[in-house]
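Same chain, two partners: chain A is paired with chain B first, then with chain C.
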Partner chain A sequence: MELRAYIIRRLLLLVPVLLGVTLFIFGITMLFTPTQRAMLYVRDVKQLADMPAVIERYGLDRPFVVQYGNWLGQVFQGNLGYSKVVSQPVTDAIFQFLPATVELAIFATPLIILLGVVFGTTAAAHKDKPLDHGTRVVAILGWSLPTFWLGLILLMIFYGFLTGFLPPGRLSVQMDLLVNAAPFIRYTHINTIDAILNLNGAVLLEALRHLVLPVVTLTVVQMAFIMRLMRSSMLESLGKGYVLTARAKGLSERVVIRKHARRNALIPVITVSGYVFAGLANGVVITETIFNFKGIGWWAWQAAINLDIPSVLGFALFNAFLFVLVNLVVDVLYTRVDPRVRLGQAVQ
Partner chain B sequence: MKDWRFVVRQLVRNPLSLMGLILIVIFIIIAIFAPLIAPTPEGHQRPYMIPRDGYRAAPEPPDEDHIFGTTQGQYDIFYGVIWGTRSAFQVALLVIGITLLVGLVLGSLAGYFGGIIDEVIMRITDIFLAFPALILAMAIVAAIGPSLRSVMIALTAVWWPSYARLIRGDILALREEDYIEASRGLGASSARVILRHALPNAIYPTLIMASLDIGAVVLAAAALSFLGLGAPEGYADWGQLTSFARNWIVGPPGEPLKHWYAVTIPGLFILFFVLGWNLLGDAFRDIFDPRLARR
Partner chain C sequence: MSKRFSKMALLVLIGLLCLALVAFPACTTTGEQQEEEEEEGGPAIPYKNDGIFVQMTIGEPETLDPAASYDNASGEIIDLVYETLVDYDGGDVGNFVGQLATDFVWDGAALTWTFTIREGVKFHEGGDLSAEDVEYSFERAMIYDRLGGPVWMLFEPLLGGYEFVEFTYPDVDAAVEVDGNTVVFKLVEAGYRLIWLQTICGGWGSILDKEWCIANGEWDGTEADIPNHYQQEDGTTYPWNNMNGTGPWKLNEWEHGVQWKLERFDDYWREPAPFDFVISQLVEEWTTRKQALLAGDVDFVLVDKMYIPEVENVADLTKLKDLPELSTAALFMNQAIDAVDNDYIGTGLLDGNGIPPDFFSDEDVRKGFCYAFDYETAITDIMLGEAISPASPVVSGLLGYNPNAEAYTYDLEKAEEHLRAAWGGEVWEKGFKFTAIYNSGNDQRKAAMEILAENLFAINPKFQVAVAGLPWGTGVVPLLRSYRLVLYACGWGADYPHAHNFVYPFMAKTGTFSKFMASGYDELDAKINAALLETDPQEQQDKYYEIQQIWHDDAPAIMLWQATGRRWFTKYVHGFFFNPMIPGDAGPLYYMSKSAS
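Our next item is the complex of A and B:
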């Protein structure tokens, strides 16, 4: 029961933050004059004549509060405006492009966490030995690497030098036709999962081939953070009394590290999973852009360079919403994992 | 003073942070002496615009005139990366400077006065921190129109909340200290207490954090530029130079790595620059992390 009360309180606390987020996003659009905002949708010079009528009809020259109220009402109904670059409503565009991004995240997230934890543990267990220095260098390198540059280098080698071995995009043209034609059923629009459900090995292989480079790019850059955190958390854990006890009992070093030290060292890693989400969200824009992997990041980039403001702001709003929810889930998880943390304390 | 000597000794002794220091010093030298290293050609009006050698699309390999070759549109890569070092420092110093100022003012107001002021300022930081940083920056740049200035405004907007929070926490921690009480008791104004007593004792961790963020700011700015949201075409900017190479990562049949120089060189500059700051930052974190200190 306590947990439910906590979640409800947290959700209530989210309301002002999310309202602030919408106010901020809306404030950005108000940097434009009513004419400029109406202009975004003009496709033909003849339409210019109707401009005053359009401004009047949508109340674009009304006071800020009134316009914000109207806009917020629309947002609550799921209307985030119209995406010029893909010629469909922003909400539809988000749902159309989301599966591709989810697919990237499905592969990248476990890799980031797993590799980060494993390398971090190893580094701590061999503190100040060559292995520790090696992983440290890898971590710092990884987090200094410009994502976009790493992507280009990988493409140059695995697509250019190895003639088409790991291509950009999501599927080859033929495969793309195949998955969108009759016998193939698109259950989720996540290519790998659909391929498995359709028992189609060729599509699966093709989808995986296109996934390798973007997933590697995301992983290399995001992993470093978890790795460093895991290392310092492990070092702290290794200095604790329970580790000394375990060693004194004569347990093998392997058991001490895996069962006693690492379990406790994982707790801080859980608390930062929110940052992993943020890192992925940021990384996805660049990664999808380089690899022409048409997910929401790619769409947002298209929108940004084509001054499709409603799409960019809708995308930002969507991300803020998800990020805030992820952080809530993380805090709740935290209280489950670490019984020392009582509900409510985790808020701070 | 003694502390500083200890810190410097630690930094120089550790090979990684020493390497970081060396990298940073090299970049500072490049930035200062850019006009000597890559002289602006006679008659070229704006030194930050990369001189072009013709208008052909495909990059040209290194030769005597262009020691790093030219990239798409015949922009000289060497000139671009050297002057790009200056642009990088300019963006980073401006962004860090303004964010620090905003963070210091709002953070100390929140920490010192507490109550409703604190509540309001902290809820505002919550709003900014509710976005993944690069996405918010991208949205701001797209909305106010792509340019280098927009990139700086956007990065300032996403960066200040973390400094404000740091400063607030530190001021909050020393608000009840005796010397603060004492100066208040002596009738000092709030402004005086904050400026003369609270801030000087709270500012250092944030200053160090901020200076080490130079690498991160440059990385973020480069990403925005790469996405086509930053500097105007031809401006000496590492992110943009990298984006020029996007169409040339795969060479003609038989020579897949033909344009390697256009792809690798600008990125290497970004990497080494950011690496320098991160190497130093990592060492600093170890030195200042009391839980791990000298164990």
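Our next item is the complex of A and C:
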């Protein structure tokens, strides 16, 4: 199948996916009573008297179909509703919080994959030797460490004990004022990229300094899974006939591992890596909260705990879109890694 | 695999393990180590961000529109950017000084306040302040009348109602009139004279630039345009996200959910603001706030009571304590519970396995409960000493407060005496069982209920109160509104520092709390109204004293506490004074400063 047609077909699949996801979430929120859902607007006990008017204003007591239809009608007009938790339209909220999350994902994902692949390969190549055991310990540690614990510990050491060495937030106060004033131009709101585009080394270094702790936290926690997967996949590859053939031909162990075994072992890792990126890009609540690196995960979490339905639905749309897109990219990547795979067909 | 590659991998592994080893002991600091650090006072806090005041707090403004703002976080930024006609005189909530008004005169015969508008005042976007701006700001607030907003406070003294639909535009127009360079407000009763000044000190009394508003699509000042702006949806008014005040700082940026930044307004009519920038960051995580404070990256952080020990002994902080907040909390006893589908009253009968819906209508039950609560323990153990015990809703600091008001004390003998007499002795004989609800997450209220439950059980093991938590929005409020809560805890903070603002919600028939306790009655409403409208200060005080005595005699609720506040600044910040009506926690920033010395 031609690549373009395949991509279009997959993108068209987005429509039923998005409808299904929003219908499901909207349906769940209908389990709450109108009064419960009105609490988003009536935050203080002093506003209780206005509860009936709020229910009436937002149509919270209307039938499910009417409410969903109204929301869908708004969406088709490009209006995802109003996010009460951050007091701005949902689309604005997505655009505001996405850059921070994407910045984290951009830096954390390659590190997670790279270290996971390197350690996984190393462990497999040294199966049942000290290096293998060592990587297993790291994997177990990383996988079992609660993110909030690790994050707080890193913060206490590198920000607290080392007096401001690696601070939380996205930029220091001074730099934040600088990037929001002329002549600095916010092209993407991703600080590192904007710093490069503005040729401003000071902002770049500052942004990187603020990225270290959240990226390390995410890497330590997420890398373990890739590492274990890579190890298993490598062990399987190393036992295959073509690896034995390569060895029999007298190729060095380095070449056997790099050119023959690892390339094939990467296929399952590619699948998982796509989801690692998608998982990071749709927000990592705890990391974003601890390091005051407010991204889309923090916003979605706030929306969920406050029953901010327009925000939750907006986030769900974004999330579904992201995962469909990542799936698509992974499928295309398969064809590059494994020539046997053809788009739209089963593996021959 | 090359040996070099393996060595590198091994080195990285060792590095990660070392990190974990360093980290583990750090997180499991023993109490002894903690104490040592506290005794040493910790490392010096460095001086940073000269000319910039940075705070970390937990409140995100809901809106920047003064006419819509009814939450503390919004009030804080509005207070720094906009100005009102008058302001409190320092920390004294009973005296006022002119701000945008140079003079203000009361005419008792005409029931009018006349404010002379200050000349030469500029708005941040260049407009000149005029009397028309003042008239427009108040009228716009009233015709907008945001759903759930604060404007009822303007309607009550000006028109004797609570919302715009009760009146016509000519009514509103007539209540605020321009006369030359003065603005005249006509009140409905002389009793509102003081309350009016207190009310317009709040953010809802802020003055906006009429031309700026109209140019940006706001109400054009005509009756015909009112339907386009009456109860506009949240987020749709221009001032919701934009600011143009006359205050010492102007809005630099509002990064929703993250931070807001203000910068000094160079054309300010008074002395220039002491800080070039004021930045408020929203940081929910306590450890992050604390480390930022200790690193000197922020000048002020919000410290929850439970974390006070972590900063109490830090050397480089200015610590202020025992600041009496104008707020209180109580345990309310519902005298007319709705028994339908109500799992919280057991059998719904006085048979030892439940309570009847009117259980608390017996005065002896209520008084027995009031005596069974251990007020001192609550303040010492629950509030960690950061509170005082109020006798009634008229708390210390309010005009009308009686420092010698009769209060309930913890007295199990008296509690027993009343409970033996309750319901003709049936309560004592058969006992009762019900569930008290608190909003989950509020451990202070939970603990208060548990104290009461344990003490009642100690008096008579047949007295059984279960304590359960429900989410505030999805659990407590729906039950409250449907009169199905038996015993519930709620708090109240001042809108304006007058006894009426507390007496009404706690005691009137239609009060916010008393309505859901069914505790109000006509005779009491008449007394509340009489106290409000009394013009003689001494007479008014006497009337509020009487109401406080009625509270004691009726015992409709158990007064839990009046919190006292603390503030934590780095030692470089100076000039703080306490006024409980200043929104936010950082205080009167215009009067404060920051220096390395």
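The criterion applied here is as follows: the second predicted complex is superposed on the first by the 264 of 348 C-alpha atoms of A that agree within 3 Å, B and C clash if a C-alpha of one lies under 4 Å from a C-alpha of the other, contacts with A are read in each partner's own complex, and residues count from 1 in each chain.
Assume a contact is a pair of C-beta atoms (placed from the backbone, for glycine too) under 8 Å apart; a residue touches a chain by one contact, two chains touch by 3 or more.
What you see is a predicted model; the values in this text were computed from it and never measured.
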| item | value |
| --- | --- |
| First, second, both or neither for A:149, with chain B first and chain C second | both |
| Partner chain(s) touched by A:87 [first = chain B, second = chain C, both, neither] | second |
| Partner chain(s) touched by A:235 [first = chain B, second = chain C, both, neither] | first |
| Chain B versus chain C as contact partner of A:278, first or second or both or neither | first |
| Of chain C and chain B, partner touching more chain A residues | C |
| Chain B versus chain C as contact partner of A:105, first or second or both or neither | neither |
| Which of chain B and chain C A:41 touches, first, second, both or neither | second |
| Touched partner set for A:119, first chain B, second chain C, both or neither | second |
| First (chain B), second (chain C), both or neither touched by A:17 | first |
| Touched partner set for A:227, first chain B, second chain C, both or neither | neither |
| On chain A, positions contacted by chain B and by chain C | 137, 141, 149, 152-153, 155-156, 159-161, 163, 289-290, 307 |
| Interface residues, chain C side, partner chain A - complex | 1-2, 5-6, 9-10, 12-13, 16-17, 20, 22-24, 26-27, 43, 46, 49, 52, 54, 60-63, 70-71, 147-148, 231, 233-235, 240-241, 252-253, 255-258, 261, 277, 279, 281-285, 287-288, 291-292, 294-297, 472-474, 477-478, 480-481, 490-492, 495, 505, 512-513 |
| Residues of chain A that touch chain B when the two form their complex | 16-18, 20-21, 23-25, 28-29, 31, 133, 136-137, 140-141, 143-149, 152-153, 155-156, 159-161, 163, 228, 232, 235-236, 239, 277-279, 281-282, 285-286, 289-290, 300-301, 303-305, 307, 309, 312-313, 315-316, 319-320, 323-324 |
| Chain C-facing residues of chain A, complex | 32-33, 35-36, 39-51, 53-54, 57, 82, 84-89, 92-93, 96-97, 115, 118-119, 121-122, 125-126, 131, 134-135, 137-138, 141, 149-150, 152-157, 159-161, 163-164, 167-169, 172-174, 176-177, 180, 220, 253-254, 257, 289-292, 294, 298-299, 302, 306-307 |
| Chain B to chain A touching residues, read off their complex | 16, 123-124, 126-128, 130-136, 138-146, 215, 219, 222-223, 226-229, 239, 242-243, 245-246, 249-251, 256-257, 260, 263-264, 266-267, 270-271, 274-275, 278-279, 282, 289, 291-292, 295 |
